[in-house]
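Before I ask anything, let me first share the structure, which is written out below as C-alpha cells.
Per-chain residue numbering starts at 1, and chain names A, B, C, D, E and F are given in the order in which the chains are listed.
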C-alpha cells in the first residue's frame, strides 16, 4: 500500500520528466476503440489536463471507426473496406464528417472542459489546418486497383490554428477530416494525421494510444525500443502489418520531421500516458530516429 | 450601367460606414433557409470576408433547420414540433449536433477559407463558449405544458474563445449547440444564441439574415425602424409572432446588453449585408434602444 | 443608374484589391496643378482616407510649382528655369521652403484632418528623413553647363520618421525639401522624392498623380503597361521627355528597390486613386519591373 | 579656472536634478528674438539635446515675431498691432504660417538634427494637435474694440501627436499656428501655446526663454519666486504688463493644469536652460502654485 | 510496494492541487535546524524545483541560528539571548550578516542551481527589498527591559526585487537581514520576514518548515486546523509559546494581508512540502483566516 | 573659481560623452583598498548612480582583500600567499565567501540604495552567473609548483542574471566567488572576473579602479594609451608585473571579446569615473584593441 510519504516521493520522482517536457508539444492519438470505456476515457482526459498543467502542450488527434460503423448501421448503410481502409462514397463521407466532427470531437472537448481543462475542437478544415488530397487506389488481393473514394492523404499542414489555441491556453482536439481546393471533403486515417501534425509542429513526442501493448515480434513478445531501420526491416518481413502499418508510418513521418521520440502504447491501461511521460517505467514500443 | 468613374464614387461612398465600424464586432445570424442557394451563400461569404478586410470583426452564428429535417428523414426519424420549437429527444439531439457541428458549421468554415478568408468553427462546447440550461416547457394550444426535451436556453457566454480567434485573425463561426454541467447536450435556437453572443461581446451590431424583408405591419408594409417599446407593443398585439419572435427576442437581449443597433434583413437578397453595412440604403427592419 | 443592389456588388468587387493591399504601403505623389481644384482635392483626400481605413498605408509626397511661382511673383521675384528645372538661389529657396512646408503641406494635412483622417506633415529635414546633396549642373541648349543653385538630389532616406507616424495611425505628408550636412537647404523634384521614399520603404506601389492620362506614344495613344526596358527605349527615342522624365525616373528608382508596381495616372479625374487601386479598371500607365 | 577634478564635481552636482527630472516632460518656449544670435541658438539646441540624453522629455514651442516682420517688409506689407498684438488679415496670416512653419520651425529642427539630436516639427494642424478659435477683440486706448482678424486662442490640445514623437525618440518642435473647424488658420501667441501644451501634457516644468532676466519689481529688481497670488496682485497693480502678460498667463494656465513649476528666464544667457535645470543656481523668475 | 500503475495514479492525484496553485506564490520559510541534514536539504530543494516546474512561484526565506552560533564560537564570541531572541551587538551583527548572506543563502542558491533549478539570493538590502527598524526592547523575567541591539522589525517590504526575479524564472532566496535609513544593519527573525514577505506579495500560501509536527495542544496532540481566533486564544493561555510565537505571528501577519492559508509543518519529514501541497494528506497545522 | 555660467558649460561639455555611452554597458571593477575611505566610496557610488541616470548601464565587480585579511586575523587565521595569490583552504574560503558576499557586496548595495540608486548583489553562484574551475598551480621562486587550493578561474559566464537586473533598473553588484559542478566554492581574482563579465556582456568599456595612476613606464611616467601589442611587450620585459598583471589580463580578455576600450585608473581620485567617462580629460591608462 502506498503510504503518504511515498506518495510525495513518487510525485517528486516525476521531477526530471516534467523538467524535460516543459513547454514541449506532445501529440496524442486517442482512438475510437479506446473511447468506448467511460472510466478509461476519464483517465485519459485527466492525463491530458495534467500534462497541460505541468507545462506540456498536448494536442489530441482522434479517430472514430466504431462510432462511424454504428452511425452507418443506424442509417441503414453498409460499411465497405478494401485492405482495411474504408471505401468512402459521398453518403458515407457525410456520415463520417458528422460523426467525427459533430460527435466524437465534441465529446472529447466537452469532457476536458467538464474535468476542469480548456479545449477547442478543430477539423482539418478549420483555419485551413489540413489541406487534403485524394489517396491513391489500393491493390486488392485479386490484383485489381480499388478506388477508395473520399479517402485522403495529408497534402499540407498549417500549424497556425493549433498555435493560436495553444497560446491562448486551450488544448487543441483535432478530427481527421479535411478539404481540398475543389471543395471535396476527405476522411484521413487518424494515425497519419497525428504523424503529420506532430511533424508540422516539430513536436517533442508523438504518442499513439492503441488497444495492444505495442509492436510484438513473431513470438508475441513486446519490442520496447526500435530504430527507423528496425521498423523498416519489420515492415519488409511482415512482422508489422495491417492496422499497425499506419501507426508505424505516422511515427516515421514524425521522426523524419525532427520529432524526438514516438510511442505506440496501450491506451486501455489506466493512465498509460502519465506512466509513459512522467514515470521511469516506459511502456509499449518506442520508435526513435 | 455603372461606368468606371461611378464605381470609384460608390466605393468612396462606403467611407463613412467603414470608418464607423472599424474594429467593431458585428454578429451575423445566417440561417438554414438562406444557405440552400449556392450563389447566395457565396455572396454572404464574400460579404463576411470584406467586412473583416475593411476592419470589422464579423462573428457568424448559424442555424440549420432544413438540413436537420433532411437528416432525420434519411435516418427514418419524424421531426416533431410544439409551438414551432423542435421536440428534441436524445436520438434527435445526436442528429442535430452532428448536422450543425459536423456538417453546416464545417461547410461555412470551408467556404470562407476557399474564398480567401480565414475561419474556425466553434460550438457552444468549445472552450466553454456557451453554458446551456434546459428550456422551460411550452404551453400547447390545448393548454398542456409540453416538455421540449433537449432544447436549451443560454445560461452563460464566455467570450474568450471568440476573442482568441478574432485576435488571431480568424472569423469565428458558431453552431448553436451547448452542454450543461451534467454533460447533457442541448439544441438552442440560433437567433437566441446570436443575441446572447452579441450581448456578451457587447457587439456594435447584430444582423439577423432571414428570408423575409423584415418586420411587417398588419398591412404587410415593412417597418424600417422600431424602438424596444414599439417591439414590445407589436409582440403584445400579435403583429410580431411565430418565427419572428425569437429574432425579436435576440434583438432585445442584445440591446439590453449595450449593443448599439440590431437588424432583421432579407438574406435572400444578394449582398444584403454589405448593402446594410456599407451603403446609405438601409434595408430591412432596424430595432434600436 | 446604379441601383442599390449594384452598389453592394460594386463594393464587393473591391474585395480582391483590398485583400491584396492590406497592410501595404502605397506612396502617392500629389502635385501642384492637381491641387488647384477644390472639388478634386476633396476627392483625393477622401481616397487617401479610404485607403487607410481599408488597411493600406498611404504616404503622400507633394509638389507645389504653381504656388511657388505665385509666391515669387507676389514678392516681386522672377522664376528662372533651365531645362525645365527651377534655378534656385538663396532667396528663391527661402520662398520655396516657406510655400512647400509652411503652406501646401499644412493645407493637405489640415484637409485630411477635417475630413476625418489623421495626418502629420514632414519635410526632408524632419527627423532626418531625407539627406540631400547638390544636383549636378544641367546642360543648356547652347551646350553650357548651368548651375541650378539649391536644387538637390536625394542622397539618403531614413524611413523611421515615416514608420513612426504610420504605426501611430497618421498619414505622413512629405514636402520635397531637405538639408545637407553643411546646413544648406535644397529644393528637390517631388517626383524624385516620391520615387526615393517608395524605394526606401520598399512600398507596394508608387502612384504619381499628374494632369495627363499617362505616357502616350507618338500618335498620342495611351500606353497602359510598360516594362523597364520599354521605358528606357522610349526615353532614348525621345517619346518620353520633359516633365515626364522625372516621373519615369522615379518609377525606375522605385522598381529597382523592389517596389512591385508604379503608376502614372490622371489626378484630374475624380477618385482616380480608388479607381486604380480598388476597381478592375486600370487607368493611366503602369510601369513594372 | 575650472580644473579637471572640479569638472567632474560640477557634473556630479547635476545628479539630484537629473534624478528628479528623469522621464519628465519640460516644455520650453524659445522665442524669436532669442533666435537671432547664432551662438546662442547653438547653446540652446545643445541644452535641449542634453536634456533628452539625461532622460528628460523636452518639447519646444517657438515664436517668430522679428522674422515675420522681416518677411512682411520684403513682401511690401506693413505690420499693424493693437495692444501689442499683431492684427492679422488673410495675407498676413499666409506670411505668418509660411515663416513660422516653413522657415523657423524647419530651422530649429534642422539645427537639432545637425548637432546630433532627433527632432520633428509640428504645427497645431499636424495630427490635430491644436484646435484654435478666434480670439476676442481687444480694447484700443481710445476705448474702441479692435478685431484682430486671424489671431486665435487655443480651444483644445490633443497630446497624442507629441506623445507619438516623444515615444519614438524625437524632440517635438511646435509652431504656434492652428486651424479651426471651418478651415481657417490662426496665429496664436507662442507663450500661450506653450502654456496650453504644458497643461495638456501635464508637464513637470514650463520654461519661457525671454530676453530679460525675469519679472522685475518697480525698482527693477528681479523677483525670483512668485506664487499665483503674487502674480495676480502684480498684474492688478500693473507691475506685470505688456509683453510679460502672455508669459505670465501661460504660467498660470500650466500651473492650474497641474504643472509643477514654471519659469521665466533670460534666454540670452548662454546655457541658461541647463543652468536652471541642472545646477543649484536658479535663474530668472519662478512662478509656482 | 507501489507498482507502476499506482505511480501514475498517485501522480494524477496531484492534478487538482497543481491546478489550484498554478501561477500562485508560495512563501516557504526554511530554517536553520532543517538545513543540517544533507539528505533532507536535497529533498527540500527538489520540492522547490518541482513547485516551480508545475507552475507555482516559490519564494524561500531562510534563517540560520545554528550556523551563526557555530561561527561566533569559532570567532571566540559568546551568543547571548533574552527571551529567546539573540542580543545583537555590532560584532555579532557582522557575523550574522556574513553567515546568513555570505554562507547559508549562497548554499541554498547553489544547491538549487546544481539540482537543475535557477535561483538568485537576496537580502533585505538588495533592491531595497526590506526596510528595517529597531525592535522594541524585551522584558526580562526580572521585569527589566533588555535592549536587543541590532535586532530589527520589518518596517516596509518592496516586492519589486522578488517580482523581477520571479518573472525572469529565478526562485528568490531571501536572507533575513536588512538596513534602515541610517545605514545600520539589522538581524530580523526569519519567520517574521517570511510572514511580511508573504503579506507584501499577497501570496497564496505561507509554509513554515520547522522541526516539530506543528502546534500541539496541552496534551501534546497535533492541532491540524486553527482559525485566527483559536490562535489568539492559545497564545493568551500560553499553549502557544516560545519559538512557536514568531511562527504564529508570521501566519497572522500574512493572513491579515490576504494570504489564503498558512501552514506550520515538520520540515524534517522527507518531501513534507510536496506532501502538504500536492497530496490529499494535509500535514502539520494549518492556520486560516 | 567656477562661476555659475561655467557650471552649465561644464555640464554641457559632457554632452558628446553621454551621447556616445547611452544604453551601453560599462563594467567597473571597484576594489578593496579603494573602499576604505568613506568619502571616496561615496564619490564612487554617486558616479555609478549618475552613470545609470544619464543612460549608461554600469555593472560593478568588487574585490575585498584587506577586509578578508582583517576577518582572518579576527578569527586567528594567518593569510598565506604564493606569487601574490592567496592560498585558499576550505576554512579560508568560508571566510572569503562570507566577507565578499555577506559584507562587502551588501555594503556597496546598501550604499547605492541609500544614495538614491537601485542595486542588487550577485555572486557567481546566483543564477549560475559564473561557473568556476580550479586554477592551475603557480610556480614558486624555488621552482616548485604551489597548489593554491580553492582559487578558481572563470570557466563560463551566463549573462542572463545581469541582464535581468539591468532591464529591471537595478545596478548589478558582483562578488568574485563562484562554484563548480562538484559543489566546491572558489575565490577568483576580481580583476579577472571583471574582464570576463565585460567580455560576456560585450560591454562598451571596462574600467578598473586601482590605487595607482595607471601603468607606468620604467621611469615612473604614466603611459596613457597602450595597444594590445604594447601591453604584451611590457609584460614580456617585466615593466608590467605583480598586481598589475591580472588587471592587464582582464583588459586583454575583454578586448578580445569585442569590448571597445579598457581603462586602468586611479580610484583614489574623487569622481575619477566621471572624469574618465564624461569629461575630455582622460585619466589613467587606456588599453585599446
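Assume a residue touches a chain if its C-beta (ideal position, glycine included) is under 8 Å from a C-beta of that chain, and two chains touch if they have at least 3 such contacts.
Everything numeric in this text was worked out from a predicted model, so none of it was measured.
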Fill in the blank from the handout: Ordered by label, the neighbours common to chain C and chain F are D
Handout entry: Touch-network distance, chain B to chain E, counted in steps
Key = 2
Fill in the blank from the handout: Outermost chain relative to chain A, judged by CA means, is D
Problem - Chain copies touching (chain A, chain E) - same or different residues, decided at half shared - result: same
Problem - Inter-chain centre distance, chain A versus chain F - centres from mean C-alpha coordinates, in Å - result: 58
Fill in the blank from the handout: Cα centre of chain A to Cα centre of chain D, whole Å, reads 70
Practice task
Compute the distance, rounded to whole Å, between the mean C-alpha positions of chain C and chain D.
Solution key: 35
Completion exercise
Where chain C touches two or more other chains at once, the residues are none
Fill in the blank from the handout: When the ring is traversed from chain B toward chain C, the order is B, C, D, F, E, A
Fill in the blank from the handout: The chain A residues in contact with chain E across the complex are 2, 4-16, 18-19, 22, 43, 46-47, 49-50, 53-55, 116, 269-272, 274-275, 278-279, 281, 283
Completion exercise
In their shared complex, chain A is touched by residues of chain B numbered 71, 74-76, 94, 97-103, 105-106, 109-110, 113-114, 118-123, 125-128, 160-161, 164-165, 168, 170, 177, 179, 181, 183, 185
